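I have a structure I would like to understand better, so I am pasting it below and will then ask my questions one at a time.
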Amino acid sequence: MIDAYGHVSLRSPRDANRYYIARSIAPERVQLEDLMEYDLDSRALDAQGRESVRERFIHGEIYKHRPEVMAVVHNHSPSVVPFTVTDVPMRPLFHMAAFVGEGLPNFEIRDVQRGTDLLIKTPQLGDALAKKLGPKPAALMRGHGAVVVGENLPRAVGRSVYLEISACMQMQALLLAGDKGKITYLDAAEVKASNPVQDYGRAWPLWREKALARAKAERR
Amino acid sequence: MIDAYGHVSLRSPRDANRYYIARSIAPERVQLEDLMEYDLDSRALDAQGRESVRERFIHGEIYKHRPEVMAVVHNHSPSVVPFTVTDVPMRPLFHMAAFVGEGLPNFEIRDVQRGTDLLIKTPQLGDALAKKLGPKPAALMRGHGAVVVGENLPRAVGRSVYLEISACMQMQALLLAGDKGKITYLDAAEVKASNPVQDYGRAWPLWREKALARAKAERR
Amino acid sequence: MIDAYGHVSLRSPRDANRYYIARSIAPERVQLEDLMEYDLDSRALDAQGRESVRERFIHGEIYKHRPEVMAVVHNHSPSVVPFTVTDVPMRPLFHMAAFVGEGLPNFEIRDVQRGTDLLIKTPQLGDALAKKLGPKPAALMRGHGAVVVGENLPRAVGRSVYLEISACMQMQALLLAGDKGKITYLDAAEVKASNPVQDYGRAWPLWREKALARAKAERR
Amino acid sequence: MIDAYGHVSLRSPRDANRYYIARSIAPERVQLEDLMEYDLDSRALDAQGRESVRERFIHGEIYKHRPEVMAVVHNHSPSVVPFTVTDVPMRPLFHMAAFVGEGLPNFEIRDVQRGTDLLIKTPQLGDALAKKLGPKPAALMRGHGAVVVGENLPRAVGRSVYLEISACMQMQALLLAGDKGKITYLDAAEVKASNPVQDYGRAWPLWREKALARAKAERR
């Protein structure tokens, strides 16, 4: 779900006004020494010459607005991008992505600034995105991707994975059903019943193991 | 076909009132010591502190209703889920998935209980699913995935694999044929002729070999 | 393109009335000792207890009808199967699969025998398929897959690979163009100009290398 | 994005009238000793019996027309080919492929020569393609693939990768939006703002690392 340009951050468990994100390299290549610490204005505390991610304001501004959020994922999820450029809303149809049913806003950067390269390169754009996100688990970003949050890292990552899968399933269901067909989405009670429990606890150790094995294999 | 949340069970070859299923971890990570034994009410016989799969009632209740079934697979087959939320039935168009032609019921959990998280977490839900499955080789589960059974493990796994492939092919055939186009499905005689012989005997050793090689590579 | 049930045969370079095909195991697992020799009536010459592929009549009967053919591939090409069950013909739109423009017949087994499991299990069915194929480079098989031939092994395998890719591209082009849109297919002169030269000479060593590397990695 | 038939060339950093391209083998198999040097008329300077890529005129003729171009990629990008055979233009909807918004011409070889095998096998065809490309970052090639250029190698490769991804996203967006739906493409100002900065600097080291690791793994 995360290509070379996605990034993942963690709020510091020791200081709610700090967060960690890797320097500007592809996520798959990140090593411990690439992690940098920032304050919530996204100023590096000890840069040591390392290049900061330009879109770090996505993270800092969301941590400001959402005290319960401990992890933020930004990605270019390929099946989600088509939804960001159409009027078709993502809707919940797969129980593993029931959080979609909370309603995912679509951030149109033009509402804040025209003629950009679509990147969240300033505190102002980060703040606007965080406001658009509001209390939701994720927001689409028009022509760009998505931002996904969680009260812990596995939840933010798991939601990213299943957001992509859900988008793909919804496209297929829409094609199958056709113009006149009916799709049974999760209803409000089902969305409510699904969300508190979902920490992707079975998947997380597997994803972690696979990522580490791949990293190790590639570095041999 | 089986993501981190799928699970596979086997009826005990020694006692038809017992079945084996791994503790609650991703299928790819399962080791011998993770296998747990259950009675058909899905009570663990010797848990040793291991966490049971919450949806084990799928397995226990099906083993109660279907004495000939020796293996049960539950999955979130990505091309099958779109069918579970539309009115388009899966139909047989690929000889490797001729069993689709026996008719696959779609289990709507709302018919039993409203406002769930769609999980089969109780004996009652498992029983309702088993009744919906009836004598069929598989049942879809709305917004969730599928359950697939077999008189032996390769048959249940093979049917799971080809159910996914068949769903994908059917979506493509429907798009190709369009609203007015005709699709040639397997007819009743072809379905009947195909099913008794299909034990996926060529594929099984390959799948097994690949799974073991991958597991080994990841653990190195 | 070749799942566990595909098979590849070679006419003997020493005796035009003999061909080689592996015993009934998945193609990826084939070792030298699995190769069996057959006459054109598909009788094993020295079986040594090895199980013959049930559908070997595809190969023997085609070698009878097509003296110039030196290799035959049978597969369940996933993007080709949807074409086999609709009235939409495969057409040439990608220069690497220009041979599609020679016209690929679609074998309907029901025209020969009703109520089968769709397998080519008898000389009669093999003969009917070979006649349907006629002088063409490939034939679709309804609800089943395809058979692809070549004057050498790389050509038969290369055509199989690009038949799948071409099918996938054609589905996408049809969706893009919509009901009223126009698709520019290769014209007859382009098909003619493309075909004599295509032996997939750049791809073959790569495919071979990758297959051997994978086989080796899986057996370690 | 580059199958066995794609190729990548580099203008010589020492002599603007020379370029390097590998001999005619699949890109994944290229070793240092496979690199050959050509003048801009695509004559090999020191062939040493190595076979030249037949379509090298794509490269030589573009280097003649575009002095700023330092790298050229030719590929058979599978999601791009469907656009080459329809009247649906590729349009920019993903910021990583904003360059699509500069307008990508579609080269119809029939406008130059009828009855070809679609290959750019002569200086005349190369020249016509280069003229069709004009000042653009890429051109589609009808029924064949695309050619992509850049002021450096990572830019040409990065554009190739994201051209494929953008094509795939656009097909999905068109399906989602349907006949009457609206798609928000990048506007002219967004395209302009995006392009100067895009050198795929985060992805390049990752792609390089992965390609080398795979090459190494396959050769062990």
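Going by the order they are written in, the chains are A, B, C and D; count residues from 1 in each one.
In this section, contacts are C-beta pairs under 8 Å (C-beta built on N, C-alpha and C of every residue); 3 or more make two chains touch, one makes a residue touch a chain.
Fair warning: this is a prediction, and the values are worked out from it, not measured in the lab.
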Ask   = Taking shared residue numbers divided by all residue numbers at the interface, is the value for chain A and chain B over half (same) or under half (different)?
value = different
Key: Where chain B and chain D are represented by their mean Cα positions, the distance between them in whole Å   = 44
Key: Centre distance in Å when chain A and chain D are each reduced to the mean of their C-alpha atoms   = 31
Task = Among the residues of chain D, pick out those that touch two or more other chains and give their numbers.
result = 175, 217
Ask   = Among the chains present, which pairs are found to touch?
value = A-B, A-D, B-C, C-D
Request  = Report the residues of chain A in contact with chain D in the complex, numbered from low to high.
outcome  = 3-5, 24-26, 28-29, 76, 78-79, 81-83, 85-88, 108, 114-119, 142-144, 171, 174-175, 179, 217-220
Note = Per the touch rule above, chain B residues touching chain C in the complex are 93-96, 98, 165, 168-169, 172-173, 175-178, 181-187, 189-190, 192-194, 197, 200-203, 205-207, 209-210, 213, 217
